[in-house]
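Have a look at these structures, which come just after this line.
Consider the two complexes below, in which subunit A is the common component and subunit B and subunit C are the respective partners.
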Partner chain A sequence: MNQNHLSFGRRQFLQTTALAAATAGLGLYDASPASAQAAPKRGGNFTFAISAETPHYDAHGSDTFATLHFGAPFYSTLLQFNLADYPKVKGDLAASWDVAADLMTYTFKLTPNVTFHDGTALTSADVKATYDRMRNPPTGVVSTRQATFIDIDAIETPDPLTVVFKMKNPNPAMLEHFASPWNWIYAAKDLAANPNGPRTAINGTGPFRFGEHVRGSHITGARNDKYFRQGRPYLDGFRGVFMTQPAAMMNALQGGQVLAEFRGISPAERDRLVQVMGDRVRIEESSWTLNLMVVFNTEKKPFDDVRVRRALHLAIDRRAGAQGLARTATLRDAGGLIRPGSPFAMKDEDLLKVPGFGRDIAAARNEARRLLREAGVPNLTFVLHNRNLAQPYTPAGIFLVDQWRQIGVNVEHRQSETSPYLAGMSSGNFDVAVDFSNLFMDEPSLALAKYLSFNKAPENRSRAIDAEMDRLYAAQSRERDFQKRFDLIRQFEKRALDQAYQVPLLWWHRIVPTHRTVMGWQMSPSHNLGQDLADVWLNT
Partner chain B sequence: MAGAVSQPNVTYAAPKRRSALAMFCLAQPLGAVSGVAILIMLFGGVFADFVAPYDPLTIDFGAMLAPPSWEHWMGTDAFGRDIFSRVIYGARTALTIGFFASLFGCVSGAMIGVASAYFGGRVDMVVQRFIDVMLSFPIIVLALVVVAMLGRNLLGGIDINLVFAIAIPIVPKVARVVRSAALSIREMPYIDAARAAGFGHMRIILRHMVPNVAAPFLIMFTAFIAQAILLEASLSFLGLGVTEPTPAWGLMLSGNASDFYREAPWMILFPGLAISVAVFAFNLFGDSLRDWLDPKFKV
Partner chain C sequence: MVTQETIDAERARLGLDRPLGVQFADWMVGLVTLDLGKSMWTDRPVTEEIGLRLELTMQVAIMATIFAVLIAIPLGTISALFKDTWVDYAVRLITIAGLAVPSFWLGMIIILALLYWFNWLPPITYTPIYVDPVANISQLIWPALAVGYRYSAVVARMVRSSIVEVMKEDYIRTARAKGVFEKLVVARHAMRNALLPAITVIGLEFAFLIGGLVVTEQVFNLNGLGKLFVQAVSRNDFTLIQAIVMLIAVVFIVTNLIVDLLYALFDPRIRLGGK
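And then the complex of A and B:
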């Protein structure tokens, strides 16, 4: 990698995101993290819990961890985040790379002799086909990565092991986007045969080969003996068990039927595990690049009316919620569109002045009632569409119902399994929903992409079209001066909160339990990262 | 000479006629006690808005996990919600779902059972084999399948599909019992007379057979309310019944309760007690009603 070609913008980006990682407050209850240095042992089958089941197998069209925890061991990406030195990146399929000084060209050299699980050799054509699918999906294919790769102009493949990305505009965070855990590399021939094939079939270059998927039960994988990284993986295989009931998962963790759960558990569950298991369990904590949000379907009345959306936004006492829910749920911080404490986040003193985030909730609720009367819906009734995961969706739903009842709004709380929950939001079949912004780094272009117009970002479940927000997004993503970019992000944030198509609720706090025998896994502020299990081994 | 026989001046008072309710209470004291418990639950459920000291949905983070006190008789849960108020409102949920599920299951089962007995022959054979299949499933498994298939369908705050899911496993049990009672009624001369008079099947079934299976029907109806309450609590506990924040006893035992039952045992104690009392009361009342109505038990 040519370090000299790094621009000031990219350096600054790295510095700020490194600071963010530090402020993420990675914490341990245990002095020996799962990533601790020790001589790895080979063999063994690793069983872990997955607290939701993926609706399909295609990471390009997914934004739920359930897809990554299910399928990451089967796939590779061009780059990966180096979790030992987060947020720096390291090569995965890319053996080396070069970034032009003007950030307009990215050249990757692929690791030779990599094969897909079906025996096909990996070439640059596979990488091109994969990225073309993400940035410009064929009809019928859903890509929630379109906005991320909007700046790519062309992809060239001068030889089978070289891929060149030509940019339309410089993007200081582009290299980190290439390390996104969602960018699984698919075989070009598979995509040519059926562009939607990855939704139902698995053929990757990852450390494990697909074993079986039994719906409602488990996913298994067996070691890929032809994996391109020497000596990896250590495990013979893995078994991911779907456990949507927290009580069952806690019992399985205590009893050793599962050895880890990588998404995160609640503070109460943590305390219970520590009390019961003592030093047999390892607890690692971090702030979380994950934000729970409330999304209004702007194609449905009365949520097409900004007054109604603003009223519902104003009625939520986030300060009290953050304090109260932190004890029982994985929710922790009140914040704006960017994770609190990260470099581009709004400062808390400024956030207090923003309607909906201040301390005077009585005044905010009076204003909310006035807006509802003005909109002609003083006794509004609607269904809150929510996911049936205990953490933190159920507590969030209970909290929201209570908050809206206090301004006279009657809400029916309806929770669904992950698949119908996501399908309902994607098809626009909801009034108001609890949505999530699932990030893997503190990069504003990533965090704000969800707020882009629906025709640019299908993951914007409000289905709103707002040209002004699109303009501000583009401007901030190309701005290389920190302060100017910071100011542009504030403008974007103000517009987002004024229009309230979708508004942040609370940011999460990650607590991961693993048995002490689980080694080689790295904690990070994102549950999307480090889930290919290539470095995991069992110290039994 | 026959002496005059003096007649003693005796007045015969007509025997004191006790009301049926008083006679039931005297004959079945346990049934009477359980009836009072049911009435209290019914009163609490119907007048919950006036009886409950707090709104069952209102969150009070300042009172999270508060132990039982004069302010909160049964303590508070992980959201600071008053458990006493939620138990009272939970009675409304339990009784409404229990009553309608039992009513639907028992009425459907009785109709099927009587019709099966009345028509006999192939109809009876086919219906009974189908009922055999239904009976081979454990009641909770059948309810789980039905609720998973139907999803949710709220009407006036009550999940109609949940009522169906609980009612369907009741149908074959009632049908089998009612059929056995109806088989003997079918052989009665008045049924033959009705046939001879040219009455239609529907009239014979509804006007001459159904009233004669009222006693077992009533007994099963009350007993199955208890089963339905238990089933609703079980389904809610498993996350397939009513959803948060609706106050429901089974739901109060799941979710955060499993995290905090050590430091706040009142979170599971009182809803659990409510379920036990309700099920016990309805079962006892049903048993007493059977003893009271069934002539065989009066010998």
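And then the complex of A and C:
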């Protein structure tokens, strides 16, 4: 890797994101994290819980951890985050890389002799086909990564082990985007045969080969003996058990049927495990690059009216919610569009002045009632579309219903399983919904992409089109001066909260339980990272 | 927004543009040949989706039925024979508790008790009995017990009331007058007649268990038919819903047929009624 070519903008980006990692406040209840140094042992089968079942196998078209926790062990990416030194990146399929000084060219040298699980050799053509699919998906293929790779102009493959990305515009965070855990590399021949094939079939280069997926029950994987990283993986295999009921999952953790749950549990569940299991369980905590949001479907009346959206936004007492929900749910901080405490986030004293985030909730609710009257819907009734995951969707949904009831709005809280929930969100079949912004790093271009116009970012569930926000987004993503970028982000944030197409509710707090025997797994502020299990081993 | 052309194409693909009668006839042909179409959600054959879960659900239902019968018939008989004594009161207490306690709650108590006293839990993924009988039984015995307790309470109360009634019949008095031993009176004369209504209840309860174990399946993390049914409803997976509804209907019909045949086996008056 040619570090000398890194520009000022990229260095500054790394400094700010490193600071963000520090503010993530990784914490432990136990003195020996799962990542603690010890001589790894080979063998054993690792069973862990997955609290939702993925609707399909394709990470390019997914936003849910359920897809990553299910499939990450079967796939590789070009780069990956170095969780021991987060947010720095390291190579996965890329053996080395070079970034041009003007950030307009990225050249990757691939690790030789890598094969897909079906025996096909990996070449640069596979990387190109994968990235072409993500940035410019064929008809019928859903890619939620389009906005992320909008700055790529062309992908060249001068030889089978070299891939060159030419950019339209410089993007200081591009290298981190190449390390995104969603960018699973698929075989070009598979995509040519069926562009939608990865939704239903698995063929990767990851540390584990696909075993079986028993729907409603579990997923298994067995060690890939031809895995390109020497000596990995340590495990003989793994089993991910779908456990949608928190009580059943807690019992299984306590009884040792599952040895970990990597998404995160509630404070109450943590306390129970610590009390009952003592030093047999390891608890690791961190703030979370995950934001729970409220999204209004702007294609449906009366949510096409900004007064209605603002009223519902203003009625939410986030300060009280943060205090109350932090005791029972995986939610903790009130914040704007960027994770609180991270470098580009709005400072708390400024946030207090923003309508909807202040302490005078009575005044905010009076304004909300006025706006509803003015919009002609003083007795508004609607259905809140929500996911049936207990944490934190259920308590958050109940909280919202209560908040809106206090301005005379009648809400029916309807929760669905992950698959129909996501289908409803992507098809626009809802009035108002609880949504999530699932990030893997504190990079504004990543965090704000969800707020781009719907025709640019299908993950914008409000389906709003707003040229001004698109303009501000593009400007901030290209701005390399920290303060100027910070100011542009504030403008973007102000516009987003004024229009209230989708508004932040609260930011999450991650609590991960693992049995003491689980080693090699690394905690991070994102539950999307480090799930390929290549370094995990069992100290039994 | 979805265009009308897309909607029309999808209706054509699903066959919804054909007359209702044709659709129904097509579906009935499929039913006979066990081709119930593909799940609208997973795009896999409905029979495959159901088959995956039916084995587990059937086994829990059968185990619960065996447990219920083994418990209910002796308890109900003892309760009837010792009517209005402390034995009867004790049995009635047990059976009323069985009716009052929801199966899923009992399941949770069983799990917590296993954890508390043995720090052990049953396996959380299903292993067929022909692959590993020990793993299979150690997983399914607990939900079968939880469900079977309520089931046995229903049957035991029916057995008790039937025997109490039968013991007042003339043929019982006649048997006793002939000097037949009391044990023989109960076993050969009373039980045979008293079991008829109990068989009906056993049959109905068994059929109910196919698809009716939704919450218990959640408690024990079982991948059963009840869970699939709820998922199908929440996903608007109509092909799967109608297949499961039809399956449950078939189970009810077959169970009732078996119950009717058992009537004839137990009661010669029914068997010889036509002669």
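Throughout what follows, the second predicted complex is superposed on the first by the 540 of 540 C-alpha atoms of A that agree within 3 Å, B and C clash if a C-alpha of one lies under 4 Å from a C-alpha of the other, contacts with A are read in each partner's own complex, and residues count from 1 in each chain.
We take it that a contact is a pair of C-beta atoms (placed from the backbone, for glycine too) under 8 Å apart; a residue touches a chain by one contact, two chains touch by 3 or more.
Model, not experiment: these values are computed from the prediction.
Trainee: Overlaying on subunit A: subunit B and subunit C, fit or clash?
Mentor: After superposition on subunit A, subunit B vs subunit C: clash.
Trainee: Touching A:419 in the superposition: subunit B (first), subunit C (second), both, neither?
Mentor: second
Trainee: Which partner chains sit in contact with A:45 here, subunit B, subunit C, both or neither? Use first/second/both/neither.
Mentor: neither
Trainee: In the superposed arrangement, which partner chain does A:247 touch: subunit B (first), subunit C (second), both, or neither?
Mentor: After superposing on A, A:247 lies in contact with both subunit B and subunit C.
Trainee: Let me test your reading of the model: by the given contact rule, A:398 touches which partner, first (subunit B), second (subunit C), both or neither?
Mentor: So A:398 only meets subunit B here.
Trainee: Should A:105 be classified as contacting the first partner (subunit B), the second (subunit C), both, or neither?
Mentor: The answer is neither, since A:105 touches no partner chain.
Trainee: A:218 in the overlay: touching subunit B, subunit C, both, or neither? Say first, second, both or neither.
Mentor: It touches subunit C, and subunit B stays clear.
Trainee: Touch check for A:120: first (subunit B), second (subunit C), both, or neither?
Mentor: It touches nothing on subunit B or subunit C.
Trainee: Taking the superposition on A as described, I'd like to know which of subunit B and subunit C A:324 touches: first, second, both or neither.
Mentor: first
Trainee: Quick check on the superposed pair: does A:491 touch subunit B, subunit C, both, or neither? Answer first, second, both or neither.
Mentor: Neither partner.
Trainee: Given 130-138, 202-210 or 256-264, which part of subunit B has C-alpha atoms clashing with subunit C after the fit on chain A?
Mentor: The superposed arrangement places subunit B into subunit C at 130-138.
Trainee: If I apply the document's touch criterion, which positions on subunit A are contacted by subunit B in one structure and by subunit C in the other?
Mentor: Looking at subunit A, the two contact sets intersect at 244-245, 247.
Trainee: In the complex formed with subunit C, which residues of subunit A make contact?
Mentor: Against subunit C, subunit A makes touches at 200, 214-218, 239, 241, 243-245, 247-248, 251-252, 254-258, 299, 416-417, 419-420, 423, 427-428.
Trainee: List the residues on subunit A that touch subunit B in their complex, please.
Mentor: 244-247, 250, 266, 268-269, 272, 275, 320, 323-324, 327-328, 388, 390, 394-395, 397-399, 401-402, 405, 412-415
Trainee: If you look only at subunit C, which of its residues touch subunit A in the complex?
Mentor: Where subunit C meets subunit A, its residues are 1-2, 41-43, 49, 52-53, 108, 111-112, 114-115, 119-121, 123-126, 218-221, 223, 227-228, 231, 234-236.
Trainee: Would you pull the subunit B residues touching subunit A in the complex into a rising list?
Mentor: Residue list for subunit B touching subunit A: 57-59, 61, 64, 78-80, 152, 154, 238-239, 243-246, 254-256, 258-260, 262.
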